[in-house]
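Several structures are given next for inspection.
In what comes next, subunit A is part of two complexes: it sits with subunit B in the first one and with subunit C in the second one.
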Partner chain A sequence: MNAYLGVDIGSISTKGVIIDENNNILAEKYLWTEGNPINAVRNLLDGLKLQLNDDIKVKAVGTTGSARKLVGAILNAQVVKNEITAHAIGTLSLYPDVRTILEIGGQDSKIIILDDGIVADYAMNTLCAAGTGSFLSSQAKRLGVEVEEFGVHALKSKNPTKIAARCTVFAESDLVHKAQIGHKKEDIIAGLCKAVASNYLNNVGKGKKIKAPIVFQGGVSKNIGVTKAFEEAIGEQVIVDKYGHLMGGLGIAIFAKNQGREGEFDFNIKDMVFETKGQECDKCPNNCEIISVYRNGVLIDFWGNRCDNGALI
Partner chain B sequence: MQIENKVTFPRLGNYHIPISTFVEKTLNAKVCVSPAITKRTIELGTKHSPDFVCVPFKYNIGNYIEALENGANILIQAGGGCRFGYYGEVQEEILKSLGYEFKFFNINDRKFKPLRYYELLKKINSKLTFRKFMYYFYLIYKQIFAIDKIEDYIRKNIGFEINKGDFENVEKRFLVELKKTEKIRDVNNIFTKYITLLKKIPINKPKNCLKVGIVGELYVLIEPFSNYFIEKEMASYGIEVQRYINISYLFFSRKHKKSRTLKLAKPYLQYDIGADGVDSVAHSKELAKKGFDGIIHIKPFGCMPEINCMPILQRLSQDYKIPILYFSFDSQTSETGVKTRLEAFYDMLSMRKNLNSPLAPL
Partner chain C sequence: MKAKIRVGIPRGLLYYKHKVLWTNFIKELGADPIISPETNKEILNNGIKHSIDEGCLSSKIYMGHVDWLRNRVDYVFVPRVASYSKNDQTCVRLFALPDIVENTFYGIKLLKYNLDIQNGKTEKVEFLKLGLKLNKNIFTVISAYKKAKIRQLEYEKGQEARQIKLLENVGKLKILIASHSYNTYDKLIGFPVKHYLEKLNTEVIYADRVSKNNAIKASCKISKSLYWSHNQEILGAVELYKDKIDGIILLTTFPCGPDSLVNDLCIRKIKNIPIAYILIDELQGEAGMHTRLESFVDIISARKGVTRCR
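So, the complex of A and B:
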């Protein structure tokens, strides 16, 4: 049977999805990137292979997420695409009439507005990571709570604390202050969830008309506290899919399936040695940082040079 | 022994060519053009600039320092309209405190007044006749016009060239020859020669290709290094790029009466919002009306006039159903971030236009 692999390598987590020709998910895996995308993909492939029958052949591969280029080179992917397009395609495959996609990931957050199944507008957070997943998980650590349980704690609160979450740095000091003057932990957590939602709507969602059906996804969508806060702020029901964290991977797998080109893919990639090297090109004062990728000692790809002087192949 | 005068000025796109010609011919002085902007330029600039000043200031400082290192001793600054109007004074102080010795001339006019320039130049070169001044003024007007026309044609077609690099080669040769022109006739001849050459370059341009307009603050629009070569990047997706802001527009053809630009920006604007803010709104409206597929709005981080016009552009975007992508550039901007958003913008535009079938899988 033919199958298609989509890999979404984010800053915090790595997601893999294998689909069949009808977009049914045959295998899925979610794990932490831990700052090492190559290793994460290796473990991801291990995990995916265990879920598959022997007769399944992966015909095309797509990568997305912030490490898409590197992992795309390693997996010899047919498609390397940005996460906005991937998320839109993935969500549309499950919710064809979706109008608004709210997405909060580890290091970025985005909003996608759709009209008749076509992306009509989008925005992505710029310059600041306040209110993204990595911010929440660092605050969870500070409060001594597992980030996975954040939502449950938030729901217990009857009187959420107001937290100034416009900026990560200010939010953190405000949070410490509120804890020190005696606010309850669940109130602070609920306040944090609220702050994330309002910060998102005021920043990324600024000037965008949010219409139902609304789908909320990305790692933070697993936090029921934030979902609740969104529903209160928008005044509409917010859908969270059980595959909400896999939409990027699903989207890029569908994309890989539809783009027409096929290539050999083999799970044994995990036995090969991949190395990356960074070097500064010294041919002009631009000093481009060139990254080169080696498979078993052989250069397979490079990027980062602005002109042909820096070309390595 | 008298030290030889060497004049320099901040770089902006390819306009160092006409400015050099003008300075050389009217002042009888040598020009020391600051080296093309590289990472070193912006690193120098960032190091010696206030952190929160907008990024053109930092590029200017970098340009001055690199030119001073090469022996420049007369620095020219021009511009205004926003806080840029005060940049000259601050830059002079910064460079003096770094220990450089130079004379600083600040031509800080919101409005374009050739006569005032004549008086200023006469102070430096007393032999300059008005006739000579006017001749070279007209010559560089022609040079600027030629650069802008050629670049405009390239922007609209480079994305569709069949042999990669054709357009850039012709542009390079054009600039080399333009640098040598000393007579108005030469400029005209070279312009005709190269525009014909450009039009002969084989292209494969579909009738319904994607068209995107680019609006915003003038420095980051004109200096490609400061916007991470965004126009080139757009073109590489096969997009026709339209840009209104260039020097011939700013100096010669802009309706200097604010009321006229404001009229174009109606009903979105009632009052002037500073610098090029009104132009951004007026042009975006024009692009939307002409049926462009999208607009990209760029500004230096913290640029007040352009921040002013953003909520208005958001409204315009909803009214005309035209997507607008916003970028802020600083010395810290991540190039990957720019590329990701541009790629997504291109995907969205082609999905809307239904050009790329794999993108519409359902």
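So, the complex of A and C:
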């Protein structure tokens, strides 16, 4: 049977999905990137292979997420695409009539507005990662709570504390202050979730018309406190799919399936030795940082050079 | 033969806007204009070293160019451009430019003019005063200014005419880079954006290649009370081009005060055309920029029916 692999390698987590010709998910895996995308992909492929029957042949591979280029080179992917497009495709395959996609990931947050199945508008956070997953996990650490349990704590609160979450630095001092003057932990957590939602709507969602059906995804969508805060702020139901964290992987797998080109993919790739090397070019004052990728000691790809002087192949 | 006076022009800020006028004027006076090289990381790092933290990336780059020139030329050309008419003002950093440079590089020899219509400083008089420092013959100076001014206007007209032709091209997606010319054409700021957009097979349209007067008039349709001269022109170009293009990229260097307000105004007022807001600072890698541009072009393609998501 023919199958298609989509890999979404984010800053925090790595997601893999294998689908059949009809976009049914045959295998899926979710794990932490832990700052080592190559290793994460290796573990990911291990996990995916265990879920598959022997007669399944992967015909095309797509990669997305912030490490898409590196992992694309390693997996010899047919498609390397940005995560915004991938998310839109993935979500549309499950919710064909979705109008708004809210997404909060580890470092990014985005909004995608769709009109009749076509992406009509989008916005992404600028430089700052305030109000994203990494913000929540650093605050969780400070409060001594696992970030996965944030939502449960938040739901217990009857009187969420007001927290200024425009900036992580300010939020942190505000949070410490509120804790010191006696606010309850669950109130602070609920306040943080609220702040994430309002921060998102005021920054990324600025000026956008948010219409139902609304799908909320990305790692932070697993936090029911934030989902509740969104529902209160928008006044509409917010859908969180059980595959919400896999949408990017699913989308890029569908994209790989539809783009037409096929290539042999072998799970043995996980046994090969991949190495990356970063070096400064030194050939002009720009000193571009060139990253090169080696498979079993052979250079397979490189990037980062601004001009041909820095070309390694 | 006496060696020509070497006048260094930093390749930054208003250079891109007035380069034909400046270089030709200096040439006509018998001096030798030396333009600093395209921005590279070394120039950027030296600029950061010689700037206050709060300055915008573009002004930091400018300081890097001054630094590159200062030991290579007799004078560095650093004008003060404060207002072009009674109703506008430039950014405060441009107001203060000669003062900032003189107080940063002790003992540097500057050539400057002071264009400030609000305070009665006209371009012509100021150029004559400047010219007399390089050439004692007033008639040579007057004719140098006239010749340089005509060339500048011809150059601007040519740029506009070429762009109008590009706008008629129906085959490709057309994306407007709405930004200050010192960002759009800088090798480190705008060039990677332009280069990547061209790689994605789009036609890049520039906000500054449009008649200045028309642009300022058009900007009144969006806001009557806006007084930043360069932002008026950019906003006007957006208004003039909005029916002929497929998307707008607002390219801003961090932390630009006027842009932060005007870009927001633009996003709120301009409807039915996708806008991407790209903010560039000195620490940024290119990955985030590529993600934003690629997805932006994907969206526009989908709107145009080139590719569908489903």
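Everything below uses one rule, namely that the second predicted complex is superposed on the first by the 313 of 313 C-alpha atoms of A that agree within 3 Å, B and C clash if a C-alpha of one lies under 4 Å from a C-alpha of the other, contacts with A are read in each partner's own complex, and residues count from 1 in each chain.
Definition applied: a contact is a pair of C-beta atoms (placed from the backbone, for glycine too) under 8 Å apart; a residue touches a chain by one contact, two chains touch by 3 or more.
This one's a predicted model, so the numbers in the text were calculated from it and none came from an experiment.
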Clash or fit, subunit B versus subunit C on superposed subunit A: clash
Touched subunit A residues, subunit B compared with subunit C: B
Have a look at where A:C193 lands relative to subunit B and subunit C in the superposition and call it first, second, both or neither. neither
Just checking: does A:L175 make contact with subunit B only, subunit C only, both, or neither of them? Give me first, second, both or neither. neither
According to the stated criteria, A:I111 is in contact with first (subunit B), second (subunit C), both, or neither; which is it? neither
Subunit B versus subunit C as contact partner of A:V226, first or second or both or neither: neither
For A:A120, select first, second, both or neither according to whether it touches subunit B, subunit C, the two together, or no partner. both
State whether A:Q259 touches subunit B only (first), subunit C only (second), both chains, or neither. first
Between subunit B (first) and subunit C (second), which, if any, makes contact with A:I89: first, second, both or neither? both
Contact-wise, after the overlay, does A:C284 reach subunit B, subunit C, both or neither (first, second, both, neither)? both
Taking the superposition as given, does A:K209 touch the first partner, subunit B, the second, subunit C, both, or neither? first
Subunit A residues contacting subunit B in one complex and subunit C in the other 66, 81-85, 89, 92-93, 96, 117-124, 126-127, 206-207, 284-287, 306
Any idea which subunit A residues touch subunit C in the complex? 66, 81-85, 88-89, 92-93, 96, 117-124, 126-127, 206-207, 284-287, 306
Taking the complex as given, what residues does subunit C use to touch subunit A? 40-43, 192, 254, 267-268, 274, 277, 279, 281, 284, 287, 290-292, 294-296, 298-299, 302-303, 308-310
Quick one: in the complex, what on subunit A touches subunit B? 66, 81-85, 89, 92-93, 96, 117-124, 126-127, 206-207, 209, 254-255, 257-260, 284-288, 306
Please give the residue numbers of subunit B that touch subunit A in the complex, ascending. 35, 38-41, 229, 301, 311, 314-315, 317-318, 321, 323, 326, 328, 336-337, 340-341, 343-344, 347-348, 351-352, 357-362
